[in-house]
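One structure, as structure tokens, below. Some questions next.
Letters A, B and C name the chains as they come in the text, with residue numbers starting at 1 for each one.
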Amino acid sequence: MKSNNVLASIEAMVFAAGDPVEPSKLAEVLNIDVENVIKMLGHLQASYDERNSGLRLIRIDGKYQLCTREEYSDEVRGLLEIKKNTPLSQAAFEVLAIVAYNKTVTRSFIEQIRGVDCSGPVSNLVQKGLIEEKGRLDLPGRPLVYGTTDRFLRCFSLNSLEDLPDLPEEAEQKDDSQTSLFDSDDKKDEILKENTENPDGEVTEE
Amino acid sequence: MKSNNVLASIEAMVFAAGDPVEPSKLAEVLNIDVENVIKMLGHLQASYDERNSGLRLIRIDGKYQLCTREEYSDEVRGLLEIKKNTPLSQAAFEVLAIVAYNKTVTRSFIEQIRGVDCSGPVSNLVQKGLIEEKGRLDLPGRPLVYGTTDRFLRCFSLNSLEDLPDLPEEAEQKDDSQTSLFDSDDKKDEILKENTENPDGEVTEE
Amino acid sequence: MEQINYKIDVFEGPMDLLLHLISKHKLDINDIPIIELVNQYVDYVRQMQEQDFDVAGEFLEMAARLIYIKTVSLLPKHEEAEILKKELTGELIEYRDCKLMAEKLSHQTEGFDRFVRPAQEGYVNYSYERFHEGEELLNAYISAAGRGKRKLPPPIDSFKVIVAKKFVAVATKVNTVMRKLWSGKKVKFLSLFEDAQTKSDMVATFLAVLELAKTKRISIDGSIENPSVQIVNEVKDIEK
């Protein structure tokens, strides 16, 4: 490998790693001396600075990491704020609802109900602070259990999980006279209105 | 802000975002025209290529993302201790093809074409981030609808779904009595024309 | 017939197997010779069973479907058969295209060698800050869980019965029917079905009768409501 390519491959590795990387690890992968790697990292560092890149290569504790240059932190923050404020996806809403209505659940429980892998929405909700890990189940594999957070209660203006709107299935047990699929639309509106006092209504249709 | 600095701040933002970024969002933060941002992104793209960087700026579905150059995949895998790609299974490729060519589909649609249960490959592709939920159909059972992701486009080097490869000529010629799911639009017109002489043609669609 | 020695895992399902048989025997996908295809297919499925493969339900389902198409195409008026055949042809073409596209995709995977990274940390607190109504959660829950009765996928065990069910071959039924008629006496058509234990038993028996009638080894007469069947055989003729 030419030295130019070594430089580029170091750049690629440091980029993909995200976290700070030890030069010795890079040396191991490339099968070259650590001194050589450190020299290359120096070149890389200089080249980012010379061309006034928006990025820089920093050294922390002998490890190296790519990050944005502090001059642009306002812009970076601005962009990330916009991204952060994208509303919850339908998938995230459903996962959140399953966690909330069941208080504590494992991911596989959520996936069983939804019929699809839910690792994406689950970690998204954890990042947003709406659900959190509540421990592990004493089962093979010791699966993590998730529950909702105080932030969740605030975002949905709830005092506690007891305040969640009643589920229609409980309603069906109490009173199944209203479960017909053929309820007329205005009937449905009525039911929706009444739902606060009379949670028996059929509200499953959109 | 000088144009050089605009370039650097765009670089910083795209880097920090991780995911593909819409030029409109960059424009919003910088308070400049989208056209200008897109021009800058073009410059940035060229500068990564010219200096043989280990990174490149790619365009996916009108969005921009920084990623490592494929030449250095072995080194990156080595560092991240990722095994060489377990290639996708035949089933996974088939499911991807169906989802990609039809844009959004339910699992039962996929299963209808493949004639076998597809919950395994579908879940697997969701987990790999190559397809994702796009909502639910307003039908009994509220079936999930799947579509491809930006990651899918990146992994298959596509700018958008419009870039998907066409059907091979050979295949198109033989089956002109049937409307295939994968026909391009002008092909379909042809078939419609022919169908007048051959009214038995289309019986597979619901 | 040549020894069939496929490996089951080569096929993605019945459609895949059918496409394989069509190309192997150079059949015209736009005008499938259904009887030939049924025979090939059923032979293959039987091979799978003989080799102790855990034959998936889908393969048997397709066998039943093919046999049904074959049955109706043996009827004097076979418009239904034509429609069913067209339907199958359409599905096969769709699936063939799907395979072609899958093949194409599988040749452009260099993008899997590009790596990205997660968003840079430390700039933004990602805590959610929007406000919602509780109703939105209720609706989301109903969407996810259906009406609280959404059927979870049935456990694998529940398929055992179906998968393990013996697939009745028409060939064996031909022997059974012939044995019953061997005496040369007229036998009530319906009586042939008396010891049928399963639906596929009955279908196979019926097909066997049709096959035998077609090859003029038996004759069918009597009223439509209560036909009878008799062997047409040289031995009997000589005895006369």
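Here, contacts are C-beta pairs under 8 Å (C-beta built on N, C-alpha and C of every residue); 3 or more make two chains touch, one makes a residue touch a chain.
Just so it is clear, the structure is predicted and the values come from calculations on it, not from any experiment.
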Among the chains, which one keeps its Cα centre farthest from the Cα centre of subunit B? C
Chain with minimal offset from the mean of all protein Cα atoms: B
I'd like the Å distance between the centres of subunit A and subunit B, where a centre is the mean of that chain's Cα atoms. 22
Whole-Å gap separating subunit B and subunit C, where each centre is the average of the chain's CA atoms: 34
Using the average of all C-alpha atoms in each chain as its centre, how far is it in Å between subunit A and subunit C? 43
Going by the contact rule already set, what residues in subunit A reach two or more other chains? 12, 15-17, 68, 76, 80, 83, 90, 114-115, 206
Per-residue multi-chain contacts in subunit C, two or more chains: 115-120, 123, 143, 146, 150, 153
Touching subunit C in the complex: which residues of subunit A? 12, 15-18, 67-68, 73, 76-77, 80-81, 83-85, 87-88, 90, 93-98, 100-101, 112-115, 127-130, 151, 155-158, 163-165, 167-169, 172, 203-204, 206
Which of the residues in subunit A come into contact with subunit B in the complex? 4-5, 7-13, 15-17, 21, 25-26, 29-30, 47, 51-55, 66, 68-69, 71-72, 75-76, 78-80, 82-83, 89-91, 114-117, 119-120, 206
Per the touch rule, the subunit C residues reaching subunit B in their complex are 12-16, 29-30, 56, 58, 62, 82-83, 86-87, 89-91, 93-106, 108-120, 123, 143, 146, 150, 153
Would you tell me which residues of subunit C are touching subunit A in their complex? 115-120, 123-124, 126-150, 152-153
